[in-house]
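Dropping the structures in below, format is structure tokens.
Shared between the two complexes below is chain A, which pairs with chain B and chain C, respectively.
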Partner chain A sequence: MWSLLSIALRNVLRNRRRTMITLAALLLGVGVMVGIRGVLNGLQRALVQTAVSGQTGAIQVHHAGYLKNVIASPLTLDMPADEDFLNKIRKVPHVTAVAPRILFAGMINVGDQTLFAAMQAIDPKREFDAVPLRKMTVSDGGRFTSGKIADAVLLTAELEKGLRGTPGQAQLPAAVLGPDKDGALSGENITIAGQLKLNLPGEKKLAVVPLALAQRLLKMEGRATELVIAVDNIDHIPEVAASLRRVLGSDYEVHTWDQVASFVKQAMERQNLILSLVATVFMILMLLGVANTVLMSVLERTREIGTMMAVGVRRGKILALFLIEAATIGLLGGVAGGLAGLGVVTWLEQRGIEVTMPGSAVPFIIRPYTTLTYLAFVVSLAAGGSLLFAVYPSWRASRMRPVQALAGG
Partner chain B sequence: MKRLSLTIVRLALAGLGAFLAVPAMADPTAHDLLAKYDAVMGPESFESVIAMTAHRDDGSSRAYKMRVLKKGDDKFRAWFDEPAAVRGQEMLRQGDNLWVYMPSLKRAVRLANRDSFQGGDFNNADVLRVNYQADYSATLAADAGRADAWLLELKAKTKDAAYDSIKLWMRKADLQPLKGEYYTASGKMLRAAEFSEFKNFAGLVRPGKIVMKNMIATQRYSIMSWDSMNTKVNPAATKFVLDDMGK
Partner chain C sequence: MSLVEIKGVTKTYQLGKTEVSALRGVDLTLERGEFTVVMGPSGSGKTTLLNIIGCLDNATSGSYKLDGEEVGTRDFNDLAEIRNRKIGFIFQSFNLIPVLNVIENIEFPCLIRGENKKELRERVQQVARDVGLDPFLKHKPDELSGGQRQRVAIARALVTQPQLVLADEPTANLDSVTSDQIIDLMLHLNREKGVTFLFSTHDPRVMQHARRVVRIQDGVMVDGSGSAQVEVDRLNAAQHG
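Then we have the complex of A and B:
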């Protein structure tokens, strides 16, 4: 067995140029796979972080039936937002923060212009504990975020442009309007305090108003329609969601971030699918190269195979010899490619890639990373694949007739 | 004797008139029907007291009471009295422009036609812009299911119209509106109305009640009923300017 292995290794080194070319193909293929997976890992981690710490929170609580209601953001399905109720949630292990919100459809008026907008009422004192990254999407000189201006409102650039022609124009009287909880039209004066950027694709005409002002406008003192919950570690989300369901009972529905922002999860699944397709194509091309190499060396070494058979080497050993040669090349190329990919990914991780998602105005930094499991998977795929693709040429070698082979085929 | 003969002459004339009128009663055109609808639902000038009850999907309801004044084409005012939450609110329409005055803001704010009227199932234009001749082009269609009514199909001419398209049924006997269906541009039915309680309001016979059903949130509907409607008014033009609001 050992002699077979050493013969195989020597054979690999015999035609160096060919081995190098095959190794280069494997290195490139495996390297690219590791690189793409690494970048995708980083992108997906950034996406999850943006959603969880910048928008949806880890978990959301609504009144039962809220998300499936035919009316988007109904006010009738509300819930308490007082300290007693919030404390009940804070007491659940791993919960680090809770922030109440009210979502409603309303209008923003500036001067003589009134536009429909999706409204999000948040508590400046609690919101950024639950979704800290969200603070980066606000440019208001602290006027809203400090909570000091009670009627401060943030608008997306799109909405502000519609209202004022150009953003940041002179202050005109401004108001927020909307049907209150009972449907009667209600209005409050506001001060436009700054701009809000979107960190995930979503409603472009969005206004953020202080929770207290919205509660007054909508006649919903002490109430909310959405609770945003932060947890200490993303891995605890399912556990916390289960505890919350138990604590809150059937009057409320508990959703994890990926159920609320299902498009993030769907985007990730799509990316993974595309990666698998690309990787499969790369792999097959790479392995066809290996198969070709083995076939060529079988044809070149016909005489040698004949000699081996003539001196009594069994057909099974010949088959094994070529298979071992192919697997060796696959393993070497796989390891080299894995290391090269790891190098590139690590370099990119240090450096960071800044990207802006389509439909989002806030750029985020992607820090690619890879896992040992994935590296092991890719290397074994390269080695195992090479072995598999070498089966046919090796079988042909083992089926040769000694006399003909000795005569050179 | 003189009186009797006068009566006979009158009767004869009436009979003759009726006789002459019968062959003259051709089918109305779409245009005639639309004009009739506008004349009934939005007379030239009027003052009326209207009650609206909005029923919501959770079973609750809210009653509104308002006074509405109209002068000429598309000049409306509305004053809200009930409930307390909207007392002091006023609305003004001038042509395509619509404002609401809110006591909490102490100023008037522009509104959109297609916005819901006080959160109910009518929209602002349903109540404060009845001018179908200006807003829609109509074609007469046949409804095999209803022999007693004309079916009008209306298509919006302007984007300020309340709906993109409407199907309107009008009773053949007296050309009163019976039923309406209101659609989005994509053909989705938003609302459906039933007209009923036909009454004589000081000479104007028209529906005294409209039930508007929300076809999206199907548990919701609103009822609008007219307590009074006086078409013999001539309100001052100064009532229909922004400066008059909140006074």
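Then we have the complex of A and C:
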């Protein structure tokens, strides 16, 4: 068996040019796989962070049935937002912050222009503890975020343009109108305090108002429709969600960020699918290269195969010989490609890639990264795949008739 | 009991729709320790006969007993084992394994049957000495001349201490001086070590060295009992007549 291995390894070095070409193909294929996976890792980490720390929080709590009925009755399924209730949540291990919100459909009026808007009432003192990155989406000179101006409102560019043509002069007097649970419409005077950028695709006509103002307007003192919860580490999300379900009971529903922002999860799954398809195509192409190399080698060495058979080598050993050769090439190419990919990904990680998602105005920096697990996976894929694709030519070699092989085919 | 007993062996190749009869009823008996030359023009069936005797191919019909055992219907791996244990091959085109050096080529058939490399070393070096390859043990085949390569092949055939060595036109790719050396070597090994050789050739010159010559033509034995001297006389007569 040792002599077989030694013969196989020497044969890999025998036709250097062909081995190099095959290795180069494997290197490219594996390198591209590691590179794309690395960039996707960075992108997805940024996406998750944007969602979790910029909008959804790690976990959200609603009244039971809220998410299913949110379109029809956004306010009837409300919940307490008093300190006692919030403290119950804060006591759950790994929870770092809780912020109440009220989401409702309302109207904004400026001068003689009135527009429907998706309204989000947040508590400026708590919101940015729960979703710290969200502060970066606000440009208001601190008027809203400080919480000092009680009637400040933030509008998206889309909404502001609709209301007064060109955005610009801040602190314009305006009014917000909204129907309460019973449908009674009431209004409050507000001041446009600044602009809100969107960091994820979604509703474009969005207005953010202070929670206290909304509670007054909607006659919901001490209540909220949504609690946004931050945890110390993303890995603790499932554990915290389970604890919350236990603590809060069946009157409330607990969702993790990926259930709320399912489009982020779906986008990631789509990206992963595309990567798998691209990687599969790449992999098959380069493995066909390996198969071709083995086949050429088999055809070239027909007489040698015949000689081996003549002196008593069994079919299984002939098969093994060519399989070992292919697996060796696959392993070498895989390791080379893995290292090359790792190099590129590490370089990109240090450099960073700035991107702006479609539907979002906030650019973020992708820092690609890869994992040892993935590297091990692609290397075994290259080696295992090479082995698999070499089965047919190697089998052909092992099935040759000795006489015919000795005659050169 | 004879080493090789062949009776009524035929071999038919299927070439598309036509059948080619390479052997049409060959009888041949080889005794241990003989040095036999199979003589015949190109296409007469020498290779086919040696392949069957070497258990590389099956006869279409007829009986073949090697060492008293019917070879007939055995599977590939059984035949591989018979070849490995009982038969040594020397080919026209040397057929060494290019990635192995001289020593490794020689010991290869022994390693296949699981012999220990260390215990082999002595024997391998002895065989290499016997064929005069001492100074080239670490050379790769492509660093050797044709004659040296054929010496490696002879050593490889002998190292397993086979009962029969088959040499199919082993001198066809060699110049005449080297051919003579290789034939002398084989005759010497036959005399000194008692190795049984079956040697095929279409070169009449070679026959002068042989003790026993069998002639084959169009797949049948023309004169199975001819002695070398009779053959030489016949050839001389044919050339002068």
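The rule we apply is simple: the second predicted complex is superposed on the first by the 400 of 409 C-alpha atoms of A that agree within 3 Å, B and C clash if a C-alpha of one lies under 4 Å from a C-alpha of the other, contacts with A are read in each partner's own complex, and residues count from 1 in each chain.
Basically, contacts are C-beta pairs under 8 Å (C-beta built on N, C-alpha and C of every residue); 3 or more make two chains touch, one makes a residue touch a chain.
Small disclaimer: the values here were computed from a predicted structure and weren't measured.
Peer 1: Give one word, clash or fit, describing how chain B and chain C relate on chain A after superposing.
Peer 2: Chain B/chain C on chain A - fit side by side.
Peer 1: Check the residue A:314 against both partner chains and state whether it touches chain B (first), chain C (second), both, or neither.
Peer 2: After superposing on A, A:314 lies in contact with chain C but is clear of chain B.
Peer 1: Using the touch definition from the top, say if A:113 reaches chain B (first), chain C (second), both or neither.
Peer 2: first
Peer 1: Check whether A:14 is in contact with chain B, with chain C, with both or with neither, and answer first, second, both or neither.
Peer 2: It touches chain C, and chain B stays clear.
Peer 1: Using the superposed model, determine the angle chain B, chain A, chain C defined by their C-alpha centres, to the nearest 10 degrees.
Peer 2: Reported to the nearest 10, the angle reads 140 degrees.
Peer 1: In the superposed arrangement, does A:304 touch chain B (first), chain C (second), both or neither?
Peer 2: A:304 contacts chain C only, not chain B.
Peer 1: Going by the contact rule set out at the top, does A:219 touch chain B (first), chain C (second), both, or neither?
Peer 2: first
Peer 1: First (chain B), second (chain C), both or neither: which does A:276 touch?
Peer 2: After superposing on A, A:276 lies clear of both chain B and chain C.
Peer 1: By the touch definition at the top of the document, which applies to A:403: first (chain B), second (chain C), both, or neither?
Peer 2: Second partner only, chain C.
Peer 1: Classify the contacts of A:186 with the two partner chains as first (chain B alone), second (chain C alone), both, or neither.
Peer 2: In the superposition, A:186 contacts chain B only.
Peer 1: Just to confirm the geometry: in the superposition, how small does the C-alpha gap between chain B and chain C get, in angstrom?
Peer 2: In the combined three-chain model, chain B comes within 73 Å of chain C at the C-alpha level.
Peer 1: Would you tell me the residues on chain A in contact with chain B in one complex that are also in contact with chain C in the other?
Peer 2: none
Peer 1: Using the touch rule from the top, collect the residues of chain C that touch chain A in their complex.
Peer 2: 51, 54, 56-57, 76-77, 80-81, 83-85, 89, 91, 93, 95-100, 104, 108-109, 111-113, 156
Peer 1: Which part of chain B faces chain A closely enough to touch in the complex?
Peer 2: Answer in residue numbers: 54, 56-58, 60, 62, 64, 83, 85-86, 89, 100, 102, 104-105, 107, 109-112, 115-116, 118-120, 216-217.
Peer 1: Sort out for me which residues of chain A touch chain C in the complex.
Peer 2: Listed in rising order, the residues of chain A that touch chain C are 3, 7, 10-11, 14, 303-304, 306-315, 317, 401-403, 406.
Peer 1: Could you list, by residue number, the parts of chain A that touch chain B in their complex?
Peer 2: For chain A paired with chain B, touching residues are 70-71, 74, 76, 107, 109, 112-114, 116, 173, 175, 177, 179-180, 182-189, 219.
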